[in-house]
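Multiple structures follow.
Here subunit A shows up in two complexes: once beside subunit B, once beside subunit C.
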Partner chain A sequence: MSRDAPRPIGDTLLKVEDVSLGFGGVRALSGVSFDIRKGEIRAIIGPNGAGKSSMLNCINGFYQPSEGRITYKGKARGAMRPHEAARDGIARTFQNIALFRGMSTLDNIMTGRMLKMNRGFFWQCLHWGPAQSEEIEHREAVERVIDFLEIQAIRKVPVGRLPYGLQKRVELGRALAAEPELLLLDEPMAGMNLEEKEDMCRFILDVNEQFGTTIALIEHDMGVVMDISDRVVVLEYGRKIADGDPEAVKADPKVIDAYLGTGHG
Partner chain B sequence: MDGGISGDSSLDTFPKLLMRNARTRGDRPAMREKDLGIWQSWTWAETAAEIRRIACGLASLGVARDDKVVLVGDNRPRLYWSICAAQALGAVPVPVYQDAVADEMAFVIEHAEARVAIAEDQEQVDKLLAIRARIGLPKTIVYDDPRGMRNYTDEGLADFESVLAAGDEWNARRPNFLDTEIARGRGSDASVMLYTSGTTGQPKGVLLTFENVIRTAENAIRFDSLTETDEVLAYLPMAWVGDHIFSYAEAYVAGFCVSCPESGATVMTDLKEIGPSFFFAPPRIFENILTQVAIRMEDAGTVKRWMFRYFMGIAKSAGIAMMDGKQVSATGRLLYALGERLVYGPLKNALGLARMRVGYTAGEAIGPDIFDFYRSLGLNLKQLYGATETSVFICMQPDGQIKSDTVGVPAPEVDIKIEESGEVLVRSPGIFKSYYKNDAATASAKTADGFYRTGDAGYFDKDGHLKIIDRAKDVGRLSDGTLFAPKYIENKLKFFSYIKEAVAFGHGRDYVACFVSIDLEATGNWAERRGIAYASYQELAAKPEVLALVQQCVEQVNRDLSEDPALAGSQIRRFLVLHKELDADDGELTRTRKVRRGFIAERYGALVEGLYSGHDRAHIATTVTFEDGRKGRIEADLEIREAARATPAAHVELRKAG
Partner chain C sequence: MDAIFDFLFGPLKEIWAYPTFFVEVVVGGLLTGVMYSLVALGFVLIFKASGVFNFAQGAMVLSAALSFVGFTELGVPQWLAMLLTLAMMVALAFVIERVVLRPLVNQAPIILFMATIGVTFFIDGFFQMLWGEDVKRLDIGIPKDPIEIHGVLVNTFDIVAAVVAGSLVATLAFFFQSTRIGRALRAVADDHQAAQSVGIPLQTIWVIVWSVAGIVALVAGIMWGSKLGVQFSLALVALKALPVLILGGFTSIPGAIIGGLIIGVGEKVAEVFWAEKIGGGIEDWFAYILALFFLMFRPQGLFGERIIERV
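Then we have the complex of A and B:
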């Protein structure tokens, strides 16, 4: 209702310049450039195999672009590993849920705090003194996430027993537990029913609004993308074919040809 | 426990009782809420301090004597405190059903002329803002949970914290203000306004005085010897009179602690953690728990299943008799004690009922099997009969005199008389003052000599227990003059776990026919176990196997009806299974889940005609309201079946399954 109030969108947080990525003879990405500004919701769309997930994997350091440059928080990034990206404030969720199925919701989200734990293995094993007070602190942070995502009722349920929509929410919870500056969501709404999608949309918007988290998401549901994102970049066969606000992208004839099809107009 | 407090002018309102509790039991817990996974408690002294801040904060917003303050949200400590804070100022709190859609809420707010509303969260604020855009009220909206509210710039929106801060400031400048206001309250003042769910027409605002509520609460506390050490979980809608009495009034009078669940979805876990000693639930909740137990037992291993079945048999024969204080053989006692160790105790603990001393169910009839299940476990579950207009209590079951088909004897200080028509009339200290701004309705509901017309038809059995058969106006006749009590028949159907709701027709017709809507969980589980595949409610409801299952239930009801000479003629001849669940959002049920028969007959007119024609199918198209408020349309072609009717001689026992 009163969402019209402008959110503070800041300077460039992450810049992708001329990035290419190849696997043997397959070029997953060729010469892609775009930027993500602080505080915005940025969507990456495109047909299957367009290179969206590869793009996310480059951003969080899982793949190393063969050409081009990624600048994060003003610093050009060299070769890096995913956990370094995570330490730098980048968290992500996966297209196919990647949770520990036998562990409870609480424990799964707690793993998101891993990189924030300071005590070493010895203290953790002893579970006493500083390690214990640290755990209390992390538990509180996790409980805040649980409260935020309204999943109190499944706190102690093993995630393998949860319905798909809730597992997706737990995965978002784990990413949030890391208190990321940049949150990457790979198809957060794939396979969900309408109600689950609406819930997820609300959580994404709330995360963005409440914590000012910058969000980059890949999504197939055009209604969702056009509704919640500030700017959209469109990929096709590893190339960028359009970039701009949802209205402009929707009207772009190249995008309509490549992806939306006339029926979706 | 305190002696009589009614008549004592220093204890005749809830704010005065609060002050007493803060003085005499200041260190005892008054309220608990689970926050971030941990139970937080407030003592009576802390509660009194919080309420002082809220009351002064409301005063700073301009709330004054006789104003109405709307409260909307789940059971939250701050909402309960706001009730008392409003009362301290002489204002009248008006709790509203939190799941009401904006239209229903708008009626109440406009009718009550509420200038101030206190909302739990963004969801409720959005509704209130939409209402304000239409009717200009409520001018001020206070919200508890700031989540998602950051960018709201609407006028008159106030964060709860800011109201508390304003309250502190107000209190610092006028330290005697609140005590003076509290002292001005009288027992005869209006204490709360509760809107009745309105099975018929628009809701009516029932004004109850402090005297009504406190005196009734006192009587009930004495009846069941409740003390300050009792524990209650507040999880039923705050707008419902039952919650107001059990989780608010009785807590203030007896001084016990009320716990608020973490969220609606965690009630079962919270129940287990709190282990209330006094528990109230409508039959539907007891049914749900039993259904859960039955489903989980079916998934259990062979040994556990055998143990459960064996000891539940023992419980049924020995447990109920023991509870009623009857003679039980030594073997029976021994086996029951063993069962308590092995099955009943652990089961009660898993359900969160281990510490339950007294449990009540009311609102609708409870199935005898369900009722007996809990009693056989050694749980003192009882029925009571009441109404919003009577501050709940009309009849209660005393310990040791429990029957599943009556509602007990008149509660303390209650007079009951039965009219010629069969209607039950009640006079008690709890009888409401009036319907707000509706003198015509007040006049027709109250007789000159102070009796309230319940609108229910019933009679006293030979032991002096009241038996309610139906709404007086719903009791009808078939065209041949046979007595037709639709709710009685519907309840019999609903006692089967597979059937969620039923609607019976027959007044002025040649025979009785009914709609049945299946219980998705129980029937779905039944179907899965038989390898019957289904993708949706609609598909499941149309399966021939499901129809056959429902037919068995209907025919069992016919056999039961055939036992009672007065009702044998009203057996069900034709029925159909509805393609959708009856839903309050579609106006088919009231918010307390009572069937709105007239509305359904109109909405499903084509189906009713089908039932009374020779056809074996009927077509229906209906609009439905989704959870987000959008409308959709569903169509279905439903099969109509004939049910066999029984003669009293051909009586066969069919056990309730599941």
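Then we have the complex of A and C:
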């Protein structure tokens, strides 16, 4: 599963500098800095409660860091709302699947195209003229995503009825439909069986290779993380304890301590 | 046996004997029904766009009517009073979004529902404090004389009210069923977080929807207000919208219309033809019994989205 051909890894796409985040008395993140380069797969790992999801939420605008700076595409960001992050090309999936349960797979993925629809509001309301041909155009894009993820058979099924693994795949599809530059995946393989995990790994690698999408992912399965990511950042209690390529991180004593506790042989 | 037979079919004989009278009752029911739909519509809009059952809709109807009458009593011409009230409802939408909804993003629907109960008390109190608690007369110059169409007697006011309500409902249905905005609304109602992550500006959508609900409340307030007088009990008309919603489905604009019509006609026919069998006042409870029946057999309503539960 590991990658052989070297892919073009570009300049820094996103830079996190000294980011801290607190909720009341709890400090979720303290002075975390790292960067994500264009075209790479970047993993964020750490024990439960290390602040991994908080980090993604800061990048995506759900949380505003109390201190520090996030630079995206060379521009320092002020306070940003999630829909603005989406407009800037950041798409994501969630740890606890956040799909529109009453809608079909197709409609769910269609919502991912929301920002790509440019026709005037007026035409949209009439659902006629230019808006109609636009709808068809977006439908085609969505069909490509559906083919890519091999979910043709569940196109019309309300997602609330799908098994867990497929729901995760639909959620990935919705994020892909937005054609993001930066894709954030929060535990894309949690709760999956081996076969589903392998499928998901394949999709992640394919997305990265075929579309050149930069991916930042949180994952607990160390085997998967070490296999697919280019670089890994490790958090513990809201602090960064290691950062580097998988081999180096795996050998880092601080990381081993964090995962096994101190006093191991 | 005879008693049951008489109960069920006795009134039908009567209907058969006086068809014109029956048509008159049905038309009257339809016209009232449209007015119910109008109130129900406000609920549906907000429910569709945020998954929140807005308990404050009735209070919004009352506040809109109170403000409209209040402005005209100050000597403001009616068209200007209408615009001022409209502006007030939009301002109210902004305030509710900022003060109530924004801090509660991602909370469970029940919490948002409780918050709207709080909003209800605030609006009721605030607007009565502003404009006083007296019963006010509202006259927008629509004649109330009965006219005869093909031998059927109809009230002119009811017809005007139905036309206004009908065109408003049609416009909104058109607006909100259309692909993009419709899908965005459903997305917001389903999952706030996910909706934001695909780029839907939650705050903007909420302000728009609450403003539109405010406009609907204004129209409903003026219509019901000129029928019943502007007073606190106007807020209770909203209670009649509940069975309409259960019948039509909380998420469906056409459902609100059909539900309103069924209830309007049903209660009028029951009142007029069955009253002597089981006593009068059927109009007051008929809608709720019908709703109860629907809850047992079709909880999502006639046109609501299917409820999917995966265990």
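Structure notes:
What we mean here is this: the second predicted complex is superposed on the first by the 253 of 265 C-alpha atoms of A that agree within 3 Å, B and C clash if a C-alpha of one lies under 4 Å from a C-alpha of the other, contacts with A are read in each partner's own complex, and residues count from 1 in each chain.
In this text, contacts are C-beta pairs under 8 Å (C-beta built on N, C-alpha and C of every residue); 3 or more make two chains touch, one makes a residue touch a chain.
Since this is a predicted model, take the numbers as computed values, not measurements.
Aligning the two structures on subunit A places subunit B and subunit C side by side, free of any clash. Shared-chain residue A:Ala91: touches subunit C; no touch with subunit B. Shared-chain residue A:Arg81: touches subunit C; no touch with subunit B. More residues of subunit A are in touch with C than with the other of subunit B and subunit C.
In the superposed model, A:Gly102 lies in contact with subunit C only, and not with subunit B. Shared-chain residue A:Glu140: touches subunit B; no touch with subunit C. When both complexes are overlaid on chain A, the residue A:Gly49 reaches neither subunit B nor subunit C.
By the touch criterion defined above, A:Asp206 reaches subunit B but does not reach subunit C. By the touch criterion defined above, A:Gly165 reaches neither subunit B nor subunit C. For the superposed model, the angle subtended at the Cα centre of subunit A by subunit B and subunit C works out to 90 degrees in steps of 10.
Of the two partner chains placed by the overlay, only subunit C lies in contact with A:Thr111; subunit B stays clear of it.
Once you line the two complexes up on chain A, you'll see the smallest CA to CA distance from subunit B to subunit C is 13 Å.
Annotation: subunit A has no residue touching subunit B in one complex and subunit C in the other.
Of all residues in subunit B, those touching subunit A in their complex are 34-37, 126, 129-130, 147-148, 150-154, 262-263, 265-266, 269, 627-628. Of all the residues in subunit A, the ones that touch subunit B in their complex are 1-3, 5, 7, 139-140, 143-144, 146-148, 150, 152-153, 155, 195, 198, 206, 209-210. If you check the complex, the residues on subunit C that touch subunit A are 174-175, 178-181, 183-184, 186-187, 190-191, 193-203, 305-306, 308-310.
Residues 60, 62, 81-83, 86-87, 91-92, 94, 98-103, 107, 110-112, 114-115, 117, 121, 124-127, 131, 135, 158, 160-161, 174-175, 178 of subunit A are the ones that touch subunit C when the two sit in their complex.
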